[in-house]
Structure formats: structure tokens, C-alpha cells
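For reference, the structures are reproduced in the following blocks.
Here chain A shows up in two complexes: once beside chain B, once beside chain C.
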Partner chain A sequence: MQIKQWVILCLSFFSFVLFGLNETFAPTSIPLEYPTDWPEPTYDFSKNPLTEEGVFLGRKLFYEPLLSKNNMVSCSSCHLSFTAFTHVDHALSHGINDSIGNRNSLALINLAWSEHFMWDGAAHHLDVQALSPISDPKELGEDFNVVIQKLQKTSLYPSLFYQAFGDSILTGEYLLKALSQFQLTFVSANSKYDKVMRKEEGVSFTTQEEKGYQVFKKNCSSCHIEPLFTNGGFENNGLAKDSILNDLGRFSITQNPEDLLRFKVPTLRNIKYSFPYMHDGRFRKLSQVINHYSNDVIPSSTLSPLLTEGLNLSHEEKVDLLAFLLTLSDKKFVFNQNFTYPKN
Partner chain B sequence: MIKCFANLLLLLNLVTWAQSSNHYQININPLFDNSQVILDSTYQLNDETLTITSLKFYLSNFTFLQEDTAVFTAPNSFHLIDLSTPKSLAISIDLPDSISFNKLSFNLGIDSLTNDSGVMGGDLDPMKGMYWSWNTGYINFKLEGSSPLCNNRANTFQYHLGGYLSPYCNVQQLTFLLDNSSNHTMIIELSDFFKQLDLASEHTIMSPSEKAVALSKLIAESFTLKNAD
Partner chain C sequence: MSLIRILPIQKTNILKHLLIILWIFTSLTCLAQDQTEVKKTVLLENMPITIIQDSNSELIAIQISGILKRKLIVSILDNNGKLIENKIFRKGSTICHIETQTLYNGTYTIKISNGKQSVSEKVTIEKEF
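Entry: the complex of A and B
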């Protein structure tokens, strides 16, 4: 018995060496770079380690219109890198054939720290999030298996999949893992706020920004927790329900009445770029957002308890808060050349 | 040429390996009133006809026990059973040598830990059509067909049972007593399931809910494990 096992082991080793001679699969690992004082990412990188090849494949896929039914729309259609990966100018994002969706696309920022995706948390893991927009008839509208068949037939993708995952036969697992890898690199940590916090030389808040930071800490920071500027959860922020969209938020996923009208708390990072605001894009300007929280909160049983009285900010406080929010803009992030359309 | 040789060696290894291990096999046999279920064939329910067009489900986490002590858990044992794919109706598990057991436990469906682990491959690949994208998570059990008893437009029934979050966690753990043989048959008596439903109203269950949990329990009760004849 022991001799037999030895023979098997030797043969296995020999055959793997022979396979190795014939093919090259040697992905280059890359670390996720983020500030040392940030919390550990919640994404489990041990199950999908970042590699140059995986990130590159994900980037190709992110910009790939073959992911849509009419081969014209890609992830980037609603998530533009220059606007912090969201769809500006459209209150509700649109997909194939000018279909208008039900929600305003979320900005894609610091996803390695995110555990719920979509405004209602419909996706519970980054890896499986893309399944929803790919198959939603108002977004990319394509059957997931057809996407894989289309990509398999190209001259490009089988070799990119091989380089990233060691297999030129495409699978859903690899496609989704590659998309995750690219999106995990969307780390925004170079705004003026970050530089001030890191005490970088020559960078400081203006008096107005500093006053705005104090207004923020007093009124907003329990949900928009630093440094990610979100608590990762769901809240009812007192918006009037749109009678046509009739969007019930988190409730539609959990069926728990406590989740009625609760929506994902988005990060405030790069908020200058990611207009319009709220799940249905009802506010075009940040000043409208601040006015809502200050004076227009609508009471209901699931309203966030911190908003029951409204924030009642003075005009000066509103202007200061706005000045602070603009310090969360990260130009290095929105103009990062590693995030744009992959030319080769 | 080198690749050919390597392939040959790998094949040889597999054959040798197969001979050296201790195989356990379960054959899955869905029945309707003791007759084998054949897709698109007609069966009788409450004096009406009933046709099954699709039957797919996950069996996972096969654990062998001696009394109540687990003696072996098959690694990565996630199996998508699909009646339209005969190959999927036999599950082989390599057991360690000289293992003795008198119970087998497994899950009908995918547990919450696996659901939480991100995307996976093989039978768990979302390509297999057993994954919800609108409320992400595995569909544990799919049964579709038609009967005039179903009071809807095309007289169809569609049961997509899934969901892993409390309070609507659908995964069912089943445990059966076994003899020590290496071959068993898993019977799923679907008529037991249908006879407890009111098809006039209970024909379409496709989201995690109290109803879906109740149906998952019902379908689990229609499973039995028998010693192979």
C-alpha cells in the first residue's frame, strides 16, 4: 500500500512538472494599499487574492459591453471613474434600450470595507453583486450564462482568464472574482480631509472647513462614521416616499417591518462628484441634501432616532458643513489612470 | 507531445487512485407514487394530472457518524442534483480506510456560512442557475411543472426554495440510520410533498418567506435513505 502511494505521488509530481513546462500561469500578487490607521478590510482576500492579472481582467470586464444584451452597455455606463464611479446627471440610472431603472447608481468607493451592496442590501457580498445589474432587464439585461458564452468566443478573454486564474475555460466564479478584484482597488484616501488628518505638511482646514467639521461631528458622524464616512448599515433618513416608485428599501429584501424605508448609508467621500443624491437621485445639489436633514425630515415609525427633531442647522452652519463636505473630494481617485478604460 | 504524455500520466494516476480508495455511493431516485419520476411525464394527483418539468436541488456537507459522533465529513461536498442530468444522480464519496459508521447526515441546500463566503465554482457556480441575483443567495431546491389543480394562468407550479438569513433560513439538515454497506439509495417521494399542498393557491413560492421555510420542511420529509437492494 505504501509503495503504491509513493508511485502515485511521484507520477503526480512528474505530470505536474510536464504541465508546467507547457503553459505559463504565474500571476503577480499585489497588496491592497490603504492608510495604516484604517480598519482591516472586511473582504476576505484569502478567497480571492489580488493579482495584477486578475485586476486587469476585471478592468477589461468592467468596460466590456458584451456583458449587456445589446452589446452596448457596460458596468462603466453607470459607474464612471471620473465621477467616483457613479452615473451623474441622471436621477435614476439607465441601462439598455434607454430603460430607466428604479434607483440612482451608487458610487463605488472603498468596497473592500463594505458588507452590503445596493441601496437595499440586495447583494450580501461584493463577488455576487454584479449578477444583479447583469441580469436586470433595465440594466445590462443579459443572461449570465450567455455573457460567459459570448466572452468565451472572443480571441481575448480565454487567454486573460488563463493568465488570471490558470484556466482558459471561463466560469462564472472567475468572471465575478475578476470584477471584484478590479473594484476592490477603488480605494479613496487622498482627499484634503485625509491629508489634514495625516497632518501632511502645508495642508490644513480653512476656518470655515474646520467649523464645518465640528458641525459634521455633532450632527452627521454617527451614521457617516470616519474614516469611511458610512456605518455600513441601513437607515430611514426621513425622505417622503415617492408615490410612483413606491420604493420600500431594505424591507423588500428582509420583509422585516423595521426595515421599511431604510436605505444603505452611502459614504460621503467624493460627494462633490457623485450628484445627484439619495436612492432616487431627487436632490441635484448638496445644499438641498443639507436642507432636507436640517428642516424637511418626515417622521415615521422607522425614522433614524437621530433625526426625529431634524438637525435645525443655522444658515452659517449649513454653509460651513458644505465647505467641510467638499474636503472629502479625492482628485487622485477620480483621475486615477488605473481605473480608466483599459487601452491595451 | 509533452502535453499528451502528461495527460496520459494524469489519467493513469486517477485510475490508480480510484482503485486504492474506499468508495461510498448514493444513488438518487425521485419517485411519484412509487414510480420513477421522468421529466415531462404525467402523474396522477387528486384525480387530476401533474407533470414535472424540472427538479434541481443541492445536497451538501455529507457527514458520517457513529451514533452521534462525526467520524468523517466529506471535504467540499456540494452536489447539484439535476434530474435532467443523469450523471448528477449518483454521488460518490471517498471514505478513509477502516471507517465505521451507522448514520449519515447531510444538508438539503446550502448553509449560511457557505452563502456568506463569496462566489464559488463547480456546482456552486452562479452559472448553474441556482442563485438569486435580486436577493443574493443560493436557491436550495427548485421544482417546476404543471397541473390543472394550479389556479393560475398556465396552470403551473414553481417552487424556488432558498434564503439563508434568519428567520427565513431554508436549509434542512437530514440524518438517516445506515447499515455499514457502501451503497445506498436516496428516495424522494414527491407525491408525499404534493399531497400536503393546496395547489389551487400554493403554486408559486419563489422568495425567502415563512411559506418557503414550511415547504422546505415538507420536502425534506419526503426524503428517505434505503439500503441498496
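Entry: the complex of A and C
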């Protein structure tokens, strides 16, 4: 063996030893915190336990533009923490090269209790959901393997992956699990509604909010079930089909005629912050949403049975309902510093 | 004839183009009617304060033309004089607003006070709700 080769071998060995001394794999487990009276999360944490290192890596990746083809768009481009992890200034999501997608982005809230993802339920596990936006040409538009290669070449990510998963060789599985870990921490349970339900001292509904709560329970709670304010399923809520987008909803995945125009039932939590509303962002105001359910539902064979008669709310009931919906706003959630761009 | 010389329009297409222009004008007029804005100005110690209501924004804005030199209290009261909300119009700012999302249709009073003097103005909430 030549001297040059010996030198390279020795340097590699010492680098390995030094790396091993500096980088230790000792992830710190963290529990998912949520109210005790909530149901058990549906996410299987035994296969991807939360750790400080995993959540931090997921947070870095969530804000990482290298995940996109032109290195300019990240998950956070459409899912802003200050607006309950959705975008608010346009109806349809924007992607790389000024492309405009076909749908409004969903707010990312309480995902540990979600079994279906995307408006049409195209993903049925959080750990694979990110594959869709990363590869969609109208979103991040990047080959998943290229994403791994780009991140592997950085000075930062091999170390972060090692700290989180004990391996500095990046894999798609680790990347997706880290993204899941960060998103699983998006637990919103500190709205005025929550405080009233917990009977916290000094917090109560106003008369109007209480009236609105009764309107909600009578008319909306079948699909938007407390405390998560969703049934996790898909419904046709009687919207007129947009002739340009021609979005058929869940049907496009299952090809089952019963799924025509059925879309995921979104949570109502933080609805004040997550406008515009509906799968295509057609409504900018909550009053428009309430007016739709009350007076403008379009009948069809797959219409949610609960909406066939329309809600026919009076003016006062509509305003009261809106007042109640505003109590689902969780400022602690939208201003949580653990969710913002990681500076370090 | 002069229009034909300036623009590359065929004689036979003039009517078509005029119709398009008329359609655009009508649409813009309708849009303007959709978004109605009501402005009222009141005086408090000779300072003009404008109360602006925009049908699309579900809020009432209270604005002054310069920088506010001392804080004001802006209140909204219902038709019976019952206080609904107080807002502080902070010193150094130019605008404050009151959200009207949870107000029923009706007539309300906006009261602006500097602690010594106050002015009031009626506003009407009319939602397509």
C-alpha cells in the first residue's frame, strides 16, 4: 500500500473516531402532551417514539427548501405556524416556479388523532403523507431520492439524523418519521372552549357564545365531533362543483360513486386563523361558510344526509354560531415558539 | 374612423369591442357596488376622526390623519346604550378597529372619548347573514 493511501486511511479512521466522540446517539424521549379527557391518539408511537432530537430534525426539515426542486419552497410555505399551519392569502396552494395547485391547504392540527390525510384521503398514514407534496409538480416537485441526496451532502443533516436515529446515512424512512414527529407535536387544546370545558377559574362563555354552542351542538356536531371537532371522515357538504377545477374529492382515490364530491371533514379548531375555507378556498369569511350551510347547500345523491334539509338558521343563530366558533381560537398554539422557523 | 386608425380593429369588429368595453365597465361598477364603504367624520378637540365601515371587512375602522398624541377610548354601544366593547386607541398610532363579526344587524353607537370630552356617531350593521 502506498504512503498516500495510508495517509487517507489514517485520516478517515481519526475522523471516524472524532465523529464518534463528538456525536453520541442518546435521544431524549418526550411525551405527547394532551388533555386527559381526550381519546387516545390513533398514531402508533411505538413505531416512531417522539424524541427531542427527532422533533428538532423534523422541524428543520419542515422549514427546509432543499426539499423542493428549485430549493425555494418548503412545507412551511403553505403551512404557516402563525395561521394554524395553513396559508391565508390565496385560495389555492402555490408551489415551485409560481405554479398554482388544485386545492387549498389543510390546517395541520392534532394530527396524532388523524387517520386520513389530504382533502381526498390520498394518504392514510402520517408517515407517508409528505411523499405527495414533495413529489407533486405543483408543490415541491422534487424526486424523493434527490431530496435525500441533497440533504446527505450538507454539513448539517447527517449529524442531525445521527442524533435522532443513530445513523448519519440518510434514509427516506428517517426523513418521513422526523417530519411526522414534528407535526405530531401540533396539539391545540388551549382555546377558550377548552378552558371552559376544563372549568378553569374565571373563564366562561358569554351568553352569545353559549347560545352559539347550542346551535353548534344541534346542527354541526355530528360531523365536527368534540373535542377534535372532526369525525375524521369524508362528507359531501353540498358545495357547487367548480367547473374549472372539476374536483371530485374522495372519488378520485376510491373510484367509488358513493364518494363523489366527498372531502375530508376538517377540524374547526383555530378556524378564525385558517381562512380561506373549503377544499378550494372559495370562502374567505366564516359568515360565508355559515350562509352556505344554512341556505345554499346543493342537493346531490352523495350529499351528507344531515344537510338535506339545510340548516335554515335565523340571523341571530348564525351570529351566535360564529361567536362560538371564535372560541376555538388557540393563541398559545399559533404563537408557540417551538413551531416557528428554527434559528439554531 | 380615428379609433380605427389608432387601434388595429376591423370595422366589422367595432361593435364587438364596444360590447366588451361596456361589459368590463358594467362589471367594475357592480364590483364597486358590492364593496360599499361608509365614511363619517367627527371632531374631538378640533381633531377630525374618521369612522370607516366596509361591508366586506366585518370591522369598523377609526382613523385620524396624523399621529395620535394621547390615547383615546373607543366604545361601541348597542341601541339600548349597553356597552359592548371598549378599545384603546393608542397614543402614537393612526388607526384602531372594532370587529363586527359577532354583532347582530342593527344600529349601534360609536363613542370616542379622551377622558374629558367625547363624541358619538351612529353606525348601522347590515350583514347578508
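One rule holds for everything that comes next: the second predicted complex is superposed on the first by the 321 of 344 C-alpha atoms of A that agree within 3 Å, B and C clash if a C-alpha of one lies under 4 Å from a C-alpha of the other, contacts with A are read in each partner's own complex, and residues count from 1 in each chain.
Note that in this section a contact is a pair of C-beta atoms (placed from the backbone, for glycine too) under 8 Å apart; a residue touches a chain by one contact, two chains touch by 3 or more.
Keep in mind that this is a model prediction, so the values were computed, not measured.
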Touch test for A:D242: chain B only (first), chain C only (second), both, or neither?
neither
Applying the touch criterion given at the start, work out whether A:K47 contacts chain B, chain C, both or neither, answering first, second, both or neither.
first
Touch test for A:D296: chain B only (first), chain C only (second), both, or neither?
neither
Just checking: does A:S287 make contact with chain B only, chain C only, both, or neither of them? Give me first, second, both or neither.
second
A:V319 in the overlay: touching chain B, chain C, both, or neither? Say first, second, both or neither.
second
If we overlay the two complexes on their shared chain A, which of chain B and chain C does A:Q208 touch? Say first, second, both or neither.
second
Just to be sure I read the superposition right, which of the two partners does A:E200 touch: chain B = first, chain C = second, or both, or neither?
neither
Partner, of chain C and chain B, that touches more residues belonging to chain A
B
Contacts of A:E258 with chain B and chain C, given as first, second, both or neither
neither
Those residues of chain A which chain B touches in one complex and chain C touches in the other
none
List of chain A residues in touch with chain B within their complex:
1, 4-5, 7-8, 11-12, 14-15, 18-19, 21-22, 44, 47-48, 122-129, 131-132, 134-136, 144-145, 148, 171-174, 176-177, 180, 253-255
Can you list the residues on chain C that touch chain A in the complex?
58, 101-105, 127-129
Using the touch definition from the top, list the residues of chain A that touch chain C in their complex.
208, 285-287, 290-291, 315-316, 318-319, 322-323, 326
Considering only the defined contacts, which chain B positions touch chain A in the complex?
2-3, 5-6, 9-10, 12-13, 16-17, 20, 115-121, 124-127, 129, 131, 133-137, 165, 168, 208-209
